[in-house]
Structures are given as structure tokens and as C-alpha cells.
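After this come two complexes, each holding chain A, first together with chain B and then together with chain C.
Presenting the complex of A and B:
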């Protein structure tokens, strides 16, 4: 497998996690490509139009400084976080399909705006985005580290108070509110986290792709990222990661089949949910796999302690 | 008795004044006034569609009232959102059971502990020993609550797999986890057989004593309510038609009419009263 595909897979997994986060509290948001596009466009603009960010390295040869990429990620996260918080206050009042439609509208608005703005290069987009890494391996390491960080955050979220609150909201929002959970706040947190993940992924993608145009954040991308989660399973963070990796890889791996690959890909998307209605990865299958791991590792990963075991963790060996 | 006069020295725990709720043209709750005092078990009786559950929804912040007021310990809380109401010290159960079906019984109760389970964010993020110790303590609290309603052995089971009566108990445990002062029970005995009803009645008395609770309870089963409640209010067509001790309410002619459908020569009652106000088993 070539490294370029690996980077794409890792980015796909990150986007899948961005779709997964609002789903943890039952919110189907398709806004991920919108925030991804904001991150990508911001990175493209900053790295091509702000000479200071290129640092000492001469524009002709040297690599773009990694510090500047991190700075772009920070700025993109800030911008999208604030934006998502503001939009969330309005949009998250909607429920079910209406929320989804509103987020599709957001993606479309952002696409049309960037298509018509001069600064974003219109339909042509922005070219010659400088590279912080000389080869795809660097990107793979960087995206891998980012994915590991987001996975770790999702795991900590799942096993602590926020995860429980979000699961409660997903199951029954009225009962959750009556149990003292401020549901608006938690929904918005999940939405903002989703935007942050999408934004930083966009920054990495912009450098990796070398060029950015408005088509990268369109409705097709919404559906693709949603397919990652549906295919992989939305009840644990592992599902979206598996779905993102697999469905990004599949079209490329199927290349030898020629034009048939689109049909095979379509079949996989069709049969996946039909055969595995909850996605490939469910908590039950996950804990069955986890049961084979060494016990200390199991506990460290927070896999299904029975209540009695979990009561006094420090008493146990 | 004049309910509108404020009692500055001893404000009732919960005071509902002229509370009204309209859904389009239907007046579901019609200017209901009642007060619940600390420590009592207050019952709400009434035929189906009398507005009992709507009244619960108005009190617990799920539905906004069209008019009237709700006071908690003398402070107006009319229209406050449900999580705020829960934070004040009111917890409720639901007529149609609203459990978190994908969660285990223990986790259902842990959700109830939400407001009491705040931990330093960094510790929670890193999963430090301090975090795990506190988390263990919270799980023990949840398990104790399950034990107090008699279903501790089901802690690990998904709440979906419980029997009906067990679910009712689980919902009560979850409500208790909010550490309420006032517990609102919406038909906790619905669908239970006579033995289970007796057990439930005993359970309500016991948890009231153990947790120093005031209880506001909706129930159809009249004998159970007569035995359990200190005071009762009877609703019919959204109006409070009686209020008092079980003995007083039992003799009240308006209650007898609502329950037994006695024909009374009232112009308005003639048209709709005979079937819509019919008795409930």
C-alpha cells in the first residue's frame, strides 16, 4: 500500500470521527465538510499569502515550517470552534432530520461563498500550497499522531461524565434533562468538538493535497463521511475509524478491477448496513475482541468493567 | 382556605397557582392551584385525560404553562427548563417509562448522578488515580441506590432486558440519584398486579423515610392512593375538583360524579360528561 493512500485513509478516519462526535448525543450533523473546508481554505490562504509564516526558509526550496502548520491548525480550530458555537446555538434547536438539513445548508453556503470569493480563487481554488514534509511518510506520521490524539480524546470522553451524559441525551433527551443534564450545552459541546476535528483535518489536508478548491467541501463529501460512520458503526469511536480507513482505501484497492470498482464500492456500501445494521464495530463485538487482550491492558483501555470490579479500582492488583 | 395569600414564614415546598395549559383549543390544565408541603405524600387522582401528567410536565419544566405560576420554596420557577428544575431538587419518573435503553441499569442511575459527579477536567481527561477513585465511589452510590429499590443484582444488565416492574423501580432509583427533595411519580403502579402494587407502596414509604422525601404521586388505583397519601387532589377535565385528606376526598360529591358518572343536571355536563368523564378501573 502506498503512503499517499495511507495519509488519505487517516484523514478519512479523522473526518469520520468528526461526524461521530455529534452522533454520540444523537445529533446527525453533516456540517463536517463545511468546517473541513474552512480549515483547508484558511491553511491555503495563510500559507500562500502570509510570507511571515514561511519563516526563514526560502520560498523556492526549503520545507514549510511545521510550527506554522500547527499555528494554522490552532487558528482554524479557533475560528471553527467559535463559528460552531454560534451556529450551534441556533441550529441545535432543530431536531432530527431538520438539524441535518440545516447543516447541509451550512455546507452549501460555505461552498458557494468560497466559489465566488476572489481571495479563495473561485472555482480554480488555491494552488502551490507549501509542503511541510518532503514525502508522504511525514504526512502519514503527522496525521497518524493527530488521529491517535483524537481517538484518545474520544475514548476519555466515552468513559467519563460527558460520554454518559451524551449517551443519555441520545437515548432520551427529555429523561436526560429531567435527570439534571443541560442538554443544549452538551449537544453544543459535541458540535464544537466535531468542528474542531474537521477544521484541523482540513489544515493537514490542504498541505497534503498541495491545492485547495471549493469542491473539497461539498455535499458529496457530507455523504461520503456519513457513509464512513454508517459502515463502521456509530456506537463507539472505533467504528468510524474503521469505516473511514476502509472506505477510503477501498476504491483505490479496487483499482485493478477497472470500472467495475465503482459497482463493487456501491455494493459494499449497500451490503454493509444490510448485513451489519449497527455497523461493522459494535460495543459488543469490541468487547469480545478486547476480552482476548491481556487483562491489565483491558482495564487500562476502560473496557467493560463489571460494576463490582469498577467500584474499587485501587483495591485490585 | 385561601391559596393566593402568601405565607411568608412557611412557604410550601411546591406551590402551584392558577396553572393553566392550553393545547390549541383544548384546555388540558385549567387554573389548578395546589400546595405540597414538606414531608407529605400528596396524591393526584383523576380519570384518564384529566390533565395529571400535563400538570407534572408543567411543574417539571417539560411543557411551558400558558398562564399561572409555579413556586419552589416561595421562589417563582414558572417555565424553568427541566434540568434547572431537577437542579432545584425535583426529580420525576414517567408514565410511559423513559429509561436509557442502550445503557446498563447502573449507568442509568449514574446518569441521575450527573449533577453530583463533576470531576476536575484534567483528571478526568488523564484518568488519574483520583479520578478512578471518585468514579468508583460514584458507581458504589449508584449500586446502593439500585439496592435500595431492590434490583442491585441487575446492575450489569441492559435496562432494556428488565421486566416492567423492575423498570419502574429502576426509574425510581434514577430519580433518587438526583438527590431530590420532591419526588414526582407518574403512575408508578401502572400495569402492576396487586402484590406488586403493595410492594411498591411499601417501597415509596420506605424511600420517603430513608431520603427525607416529599412525594407527589399520580395514580389511578384508588385504594392504593387512599392508603398511601396524606392529602389528595382530584382533577377532572383539567380542573381541580377536590382537595383534602383521603377521607374528605372519598366523600366529595364532585369526585363521586367524576368517577361513577352520576348524572347531574348541569347544562354543560350533559353534552360531554357521560362518556368522556367515564370511570377508570
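Presenting the complex of A and C:
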């Protein structure tokens, strides 16, 4: 397979996880492309405008230092984390569809602002973002490691106390609140985590794409990332990863059908939810797959994917 | 004095289109409690159909390159005809994107996806068939009406007056129908409480279809009007209108007809007041309003506060 496509698929899976995180406590946020764009723009600005970050590498073709990329990721995560916390305090008071609309508005406002600011290059964007890796394989390893890390964190979250609290909020927020779960706090944590994942993904994407423009964080991106999650299934973290990998690859694999590929993509998301209302990956299917793994591996992985299974030893595969 | 009147008419005519657009969302939202994200695509389709019906020819890029209908309708006939066709398309969207999920009692989030899928298909079909280039309706579409009118010393594009008049007409008819007719009241009953309405013998599926057909008609009309006043910049041009109309909808209060219209006029006028050196930020106005309203008055200007049932 084409390595460039592989990197895109890995980035797609990361964005899908960013949409998945607020959903773990029942919040549909479409703000992911907004934070992704902030991360990407920040990386593009820092790496092209701050000479110190390029380090000792000679401008004649030396690779951009990996340490600087990590620093950009840290800064983007800090910025988006603080921003998401502030926005979360305001927006998460809203319920259901209002929250979703507010996040759509946030993405559009960010897009309009970055289209009009001089420093972000307006509609043209920022070009010649330096490359830390000479070929796509490096990016694939880096994005793969990042994805593995985020997956691991999601798995830890799912079986931990915060994860259980979030699942309780998703199932019945009022009952959760009356059981003493601070629902505002956990919702905000999920929102901030989502922003962090989107921000660091944006940094990697900016270097990988070599150029950044405001179109990369628009409403289309909100919907595409949401489609990843709905297609894959939102009950476990495996669903969004599968959805992100598969649906990023789909339009590329459909390239032979040429002009029809977006129509086929539309058909998939039009018909998919009716055929698989829970998405491709449900906790039941996942348990069935996990049960086929060798016993020691199961124990090592701690394959208790849904919190309910973590609580009830009877259901463990 | 003349710029003031000009500003006002500019703002009001843009606002009237936002209002029509938001009303289409409202009709579906009130009967189903979900958004139809294919609405923007239906709007786009309305603009293209109006263009074709007034005798416009297809450009060189699409599969249908060079196609021209053998007849050319005057604008006042082409607009409702396009509206009827988009109403049919809206029914098709209901049948493919909404009905299967309703049968499964799926969660509301999934409707977002499927309706968007329908929208993606429509927009890309348009691109495939008619090409990505922009079209503008001929200035002669309005027949004998001159291009500009001078009223009280102000130069006004007559297109904008047509827009205002048509929008006002549609709104009056719609309100009369909703409040005064049997089917309009049945629609309201379904949006209040679908189960009770069904127990009282109202065919709620038929009402849902009616809501979609009306919504498609409104989107088609709004598309045709925008196509006439601004031109069609490509198959994706409905999307930004669709998003702004969401803002208008929230500002007015979801499910409120008069709220949608009032909010449309407010947003349209506010956009017209943006000075030209800040014009790049004009698109953000609807969203800024949206944020403000969500924070201060989440039920919207004319909406009712909703209480959560335990």
C-alpha cells in the first residue's frame, strides 16, 4: 500500500478518536477540525517563522529537528487545552443539538478569522513547512506511535473511574448527577482531551502536508470526522479507529471510478447507519473477536473493552 | 438618506432569504426533532433548476454539457416550478435518509450523518452533470421590470424588491396555512407530540412527508431567488447558506416560524452594516450572533424555554 495514504489513514483515525472522546459522555461536539486547524496553523507558523526552532540544521536540506516538532505539539496541546477548557465552561451548559450547533459555529468563526488574518496567509495559507522526515515512512511510524499512545489512553480511560463516570453520564446524565457524579467536570475533561488529540494531530498533519490553509479545518472536515465515528461505532475506541482508517482510505481506493467517488462516499454514509445502526464495531462483536485471542494475550491486553464488562466478571470473555 | 434606504433593503432582502432557508429547517425540525443537513444541497438544486427553467444553457464541463431546455419559462413561473421539483427531491431525501432510521428508532445523531450523505450525493451529482463553473441567471429573467428602480431618491436593484415581495408572500401563505387549515394544524399537533397526535387519528408519517415537501419547496424558492440576485457560484454554494441559516434558526428559537423570519432579517441587516474594510469578517456575524444567543437566551428570541423531563 501507498505509504502516503497510510499516513492519511492514521491521521484520520486520530481525528476520529478526538470526535469519540466527547461522545463517551454523550456530547456530540463537531469542534475537532477547529482545534486541528489551530494545531496545524501553530505548527506552520512556528516552523516557518521562528528560525531558532530549525536548530543547527543547515537550511540547505537538513531535516527539521524532531524535538522542535514535539515542542510544537506541546505548545499546541497547551493552547488548545486552555482554550477548550474556557469554551467548555460556556458551551457545555448547552444540551444536545445546541451544543453541536455551537461547535459548528466555533469551527466557522475560526475559519473566517484565519482566512482574514495576514499572519496565517489568508486563503492561500502557509507554504514550505519544513519536514522532520525525509519520506512518508517516517511520518507513518510517528503517526502510528501517536495513534497507539492515544488508543492506549482511551483504553485506560474506558476501564478507569473517570471512564465509568463518563459512561454513566452518557447513559443517563440526570441519574449520574443524582449519584454524586460531577457531570460538568467530566464533560469538560472529555472536551479538553478531544481538543488535545485534535491539536497534536494538526501539528503532525501540517508537517506532513507541507502546507496549511484555512480550508483544512472547515465544516466538511467536521462531517467527515463524524462519519468516521458513526461508521465505525461509538461504543468503544476501536470503532472510531476502524472508521477513520477505512473511510480515509475509501475515497482514495475509489479513485479508479473517478468523478463518482464522492457520490459513492455519500452513499456509504447515507446507507451505513441504517444497515449498521451501532456502527461496524460494537462491544459484542469486539468481545467475540477478543475471545478468539490466546488466553495469555487476552490477560496481557486487559481486554475489557466496555466498562460494564470491567465491573461484571461474568461477562468477561 | 439614500444610502440608509439602500442598506436597509440590502439587509432585508438577504435576511428574507435566510429566513426562508431557516423556515425549511424549522418545518423538519418541528416534526422530527432533527436537522436535515441535505437542506443546503436542496437549496443549491433549486438555484440550478431555476436557471435551467428560465432557459439557461449548461456549460462545457458537465456530462450534460450544452444542454438547454427546449422552452424558457418566465422567472415567475420557473421559480415555483423549481420549488415543486425540489419538494419532490426533498421527499426522496426523506425516504432514503430518514424513513429507514425512523423504522429502526435510531438515535438522532445518525440522522445528521445520513442527511449529510444525501447532501453530498446531490451536490456531487450536480457537479458531475452540470460542471463546477458558476452560472448567473439572465438579467432579462424578470421580463419588463427594469434592472434598477429609483424610489425616494435611492437606486435599488429591482431583484431585491422581488426577493422581499416573494419572501413576504411565501411567509404569509405559510402562516395562514399552519394556523388556519386542517393539515397545518395536524402538522403542529405532530410537532407538539407525535404519539398523542397518532392516537387522535393523525397520520404522522404523512405529516412528516408534508413537512419535508414544504421544506424542500422553501429551499428551492430560496435557491432560485439567490441565484437571481447573486448568481450561482458552483455546486457547493448552498453549504455556507445552510450553516448560516442554522445560526438564524437558533437565534429565532427552534421551531418558531416568526422567530426564524425575525432572526433572518436581523442577521441580514447586521451583515449589511459591516463596513467594507471588514467585509472578510461578514461571514462570521451569523455565528457570533449564534454564540451570543446560546449563552444569553438558549431558547432563542421567540422560542419557548424547554424543560427537561426526568
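A few notes on this one:
Following the convention adopted for this analysis, the second predicted complex is superposed on the first by the 303 of 317 C-alpha atoms of A that agree within 3 Å, B and C clash if a C-alpha of one lies under 4 Å from a C-alpha of the other, contacts with A are read in each partner's own complex, and residues count from 1 in each chain.
Basically, a residue touches a chain if its C-beta (ideal position, glycine included) is under 8 Å from a C-beta of that chain, and two chains touch if they have at least 3 such contacts.
Since we're looking at a predicted model, the values are computed, not measured.
Once chain A of one complex is fitted onto chain A of the other, the partner contacts of A:174 extend to both chain B and chain C. In the superposed model, A:254 lies in contact with neither chain B nor chain C.
In the superposed pair of complexes, A:165 makes contact with chain B only, with no contact to chain C.
Number of chain A residues touched is higher for C, counting chain B against chain C.
In the overlay built on the shared chain, the residue A:98 is in contact with chain C alone; chain B does not reach it.
By the touch criterion defined above, A:116 lies against chain C but remains apart from chain B after alignment on the C-alpha atoms of chain A.
In the superposed model, A:209 makes contact with neither chain B nor chain C.
Residues 174 of chain A touch chain B in one complex and chain C in the other.
Residue ranges of chain C in contact with chain A, taken from their complex: 34-35, 37, 96-97, 100-101, 104, 106-110, 112-114, 116-121, 124-125, 127-128, 239, 243, 246-247, 250, 280-281, 283-284, 287-288, 290-291, 294-295, 298, 308, 310.
For chain A in complex with chain C, the residues that touch the partner chain are 28, 90-91, 94-98, 100-102, 104-106, 108-109, 112-113, 115-116, 174, 219-220, 223, 226-227, 230, 259-260, 262-263, 265-274, 277. Contact residues of chain A toward chain B in the complex are 153, 156, 159-161, 164-165, 167-168, 170-172, 174-183, 235, 302, 306-308, 310-314. The part of chain B that touches chain A in the complex is made up of residues 60-62, 81-83, 85-87, 91-92, 94, 98-104, 106-107, 110-112, 114-115, 117-119, 124-127, 129, 131-133, 135-136, 139-140, 142-143, 155-156, 174-175, 177-178.
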